[in-house]
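Listed after this line are the structures, all set down as structure tokens.
Look for chain A in each of the two complexes below; its partner is chain B in the first and chain C in the second.
Our next item is the complex of A and B:
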């Protein structure tokens, strides 16, 4: 019985450990040199006698019971756990494609390596994940000009049930006292020209109602997350995130999913889902505590998604010449009327470049009113032709 | 409003039919479940080829289309890049030369090149080629932009069509009464009474390497693969750049219904074929793969004409991988037949009541 886990963040590590504990032969595949994922980058110590950890290894295709790795190499599996996480969603505004604007996730990753990239820093977006980013930059000595939350915190008042089940989440906020002092809600960066940053107060739909100018050399933005689901392009999903049942099973046979590919709820929910997925993948009943933790965590995750949902007023932040797709240099005025994503892409080249729409496709869809189809990419990472040509024949091991 | 003609399918063929009917003063309504160019039309490379056609009715249709396209595709990235067909084995050199000679006799501009001349045209080409033929008239366009250009000024509605009796179509949005119906549903045409099957194809797209590949370049065995009726996987090296600098790599042919799973076996075969033509592609990354379904008639000829069983029902489908190249002449032929004009090519080979076609 071999369980292969892709992604060595909190969900993947928990899945690997649990499946190995249940007696399965486990291979954990991750593209980074060390375990931890985005959340625990450089701080995780992962070692388990029953788990073979393949570092610096990219997976690019799932084909029946085989996971294809860069190299090329193949891994047979009886069960696969996809724990590939999510990445930040940026929203475009005039200047977002210029120097001094990065995603909150990139800022956090750099901060964990001791790099602040700016002296006067703004963090702008939505969701509690902005706070650790701001805190990390502040600890590195950057001046925190502001932490701007586009949504209104009063929306949490409607989520009493989720809050009651997750009091520890509220307690975590206390740890960010020093950055909370810089927090402004219903506020966002809506333009950046050099060090001049236009900051707007927003109405409930995120339409600017007033503007002011701040000075900052770095703006870190993150408007929620987009899941990295390219390994299972045919799996059923809701609003981008993979659908799973109470054993973390996806709609694809023998493929499980855990962590942020199923929804955004923090590292503890991801780890609990990893335990459930790891047990189920090894054909054991998941532990009751983990199932309960998932249930509670999902209440919080759903509330988070409602409270911090991106509101349509962001579309008014753009000028006609604001870049929407950086790879192919497509601006707002280049986007045609279209009925589908494919038509939109092939007429404007939006989402056709190096990032394959990972950054811009969702935004382009919302700007044009085209239904967003989840961008099913069948090759998860770029792969040289020579490597495809070297793929082993079917009957070879 | 009761349209004169309802065209089912807003792909390149449906759009060309609608355009030709509209140009003759008829009111046309195009119905598609997903919108313009959402199926086969956008899943290919946008080729307008004469190089891959044997002398015969399909070549005549292709030559007629080639005349019509430049005016219709003015703002659809029309590019007269030319085709370069190369033989890579000793055995395939003479058949390629013979094929080109027959085409020349049928009016195709097909110029034999020496290896040095071929390499001057395509510096990265594998120098170990055994024969090469240049087709200056082969061209490429953006199929989505071309479809939209053809549909300009024509009503398109989004609905799924369940049935038609030639005088009305029953859609998810209600019944539309009309004078005639054109089935231009490509690989899904079987649902309206003609024997068309899907033949799967996959295209690989690399990261941009602008200027490196100038023509549509393909292996001489491509023509054999196109003409084959085999259900098993067949691949052939077909390599060309787009205006954005990305390189498109085909071609594969497989009959496996509407299964759209990407198989590593297909990716491997396409990569090997492409590298055999252009060794420098070895280190170029593929950033995406896409696939589609070619509408395939068992006798490899398009189906264009009236359905003898259902008055008012017309078909325009079965163009396999050549729909973009054959679209304008198909649209014009269909419109001429429907309005009683003299047809631009002999319509008989494309008639609906062929034994392989009627189901």
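Our next item is the complex of A and C:
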């Protein structure tokens, strides 16, 4: 049988290795030149005799038992594991679409290539991922003006069970001693004009209660993550993340999901989910240790989601002319009253540009009160028409 | 890296330096950094590993 795994991060590598170990023919498809995903970017050494690793390859559609790849090419599968990961959710503020603002993930990716894009940098957002980003920038010689966490860490006190089951996560924090000295909680960047950055103290709903000015040439921002679930637009989900059963099965037949597409809980949870998904995809019982690691990791992931949930006060950070949709240059004042996402898009063009709403759709929905139904796109990556035209006719073998 | 950017010679360590305000997500999701690179249109520049002699255009 053939198992196809999409995404070569911690989850995908574990799924591919496990499925191959169980005797399946495995193809690992990834859009990057080397395995590792964003977490291990360029530092993973992936090689397995039972796995064919297709690098620099983008998948764009799942159709019954076929995965469509750019090229074009088609891959038949008996089971598919979606391990496509997640990307930073930015929140808009005046100046976020100007020079010197990038996502925390972008800063991390650049840092892994030895590049810090600024000299005086601020990291602003929510969640523990801000700390390694700040540490990486500092190690490259940048001056860390501040690390601003919008949430309040005392919320962790209510999560004793998750903390007790995941003590190693707390121990990791000690490694960030030097950047923790620059950490301010209930704080966020709420505007940037040139190098003048407006920093606000926030109330519990993230409404600014006081302001001050800092000087920085780079702001790195990230308010949690949005999963890349485009390959299975019809799969059931809760919030943004794919629903899976205890064998990582999605609601779509023969399609499994592992890693951050199911929730954010770190690389160890992703790898454990990959082991479970890889075994189940190859029709084996998943190892007990992996199932137990997933159970423990999910406790942490759910606590993380609660503690670092985006609070509605962010909507007061915008001015009328603040950009919401970067692709189509739609500002707050351009957003109409609408009853649904479709009407919102058609009347304002928000989420209709090149990124197809990946960056702005969720924010636009929250700004207008329109129900957000997850990221559902029919085609996962833009494809030139010539490539579609090169596809063989349906009725030919 | 010595490259040509919109017809001007530039020396940069990373393509992000050429695209302030456009390089944003860094991992191929936001499409802010789309450019013509070495004659290929619509390339997400963040996914391109820069080499000496690359020709990058954001204006036609």
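Please note the rule applied: the second predicted complex is superposed on the first by the 393 of 397 C-alpha atoms of A that agree within 3 Å, B and C clash if a C-alpha of one lies under 4 Å from a C-alpha of the other, contacts with A are read in each partner's own complex, and residues count from 1 in each chain.
Here is the rule we use: contacts are C-beta pairs under 8 Å (C-beta built on N, C-alpha and C of every residue); 3 or more make two chains touch, one makes a residue touch a chain.
Predicted model only: the values in this text are computed from it and were never measured.
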First, second, both or neither for A:109, with chain B first and chain C second: second
Chain B versus chain C as contact partner of A:352, first or second or both or neither: first
Which of chain B and chain C A:150 touches, first, second, both or neither: neither
Chain B versus chain C as contact partner of A:340, first or second or both or neither: first
Which superposed partner A:61 touches (first chain B, second chain C, both, neither): first
Touched partner set for A:100, first chain B, second chain C, both or neither: second
Touched partner set for A:382, first chain B, second chain C, both or neither: both
Contacts of A:330 with chain B and chain C, given as first, second, both or neither: neither
Residues of chain A at both interfaces, chain B in one complex, chain C in the other: 354, 382, 384
Interfacial residue positions of chain A with respect to chain C in the complex: 31, 33, 38, 87-88, 90, 97-103, 105-110, 113-115, 117, 228, 326-327, 353-355, 358-359, 382, 384
Residue ranges of chain B in contact with chain A within the complex: 34-38, 42, 142-145, 148, 158, 204, 206-207, 244, 246, 249, 261-265, 267-268, 270-272, 274-275, 281-291
Chain A-facing residues of chain C, complex: 13-14, 16-17, 20-21, 23-32, 34, 42, 46-47, 49
Chain A - residues contacting chain B, complex: 61, 63, 66, 68, 234, 328, 338-340, 342-343, 346-347, 349, 352, 354, 356, 377-379, 382-386, 388-389, 391, 394
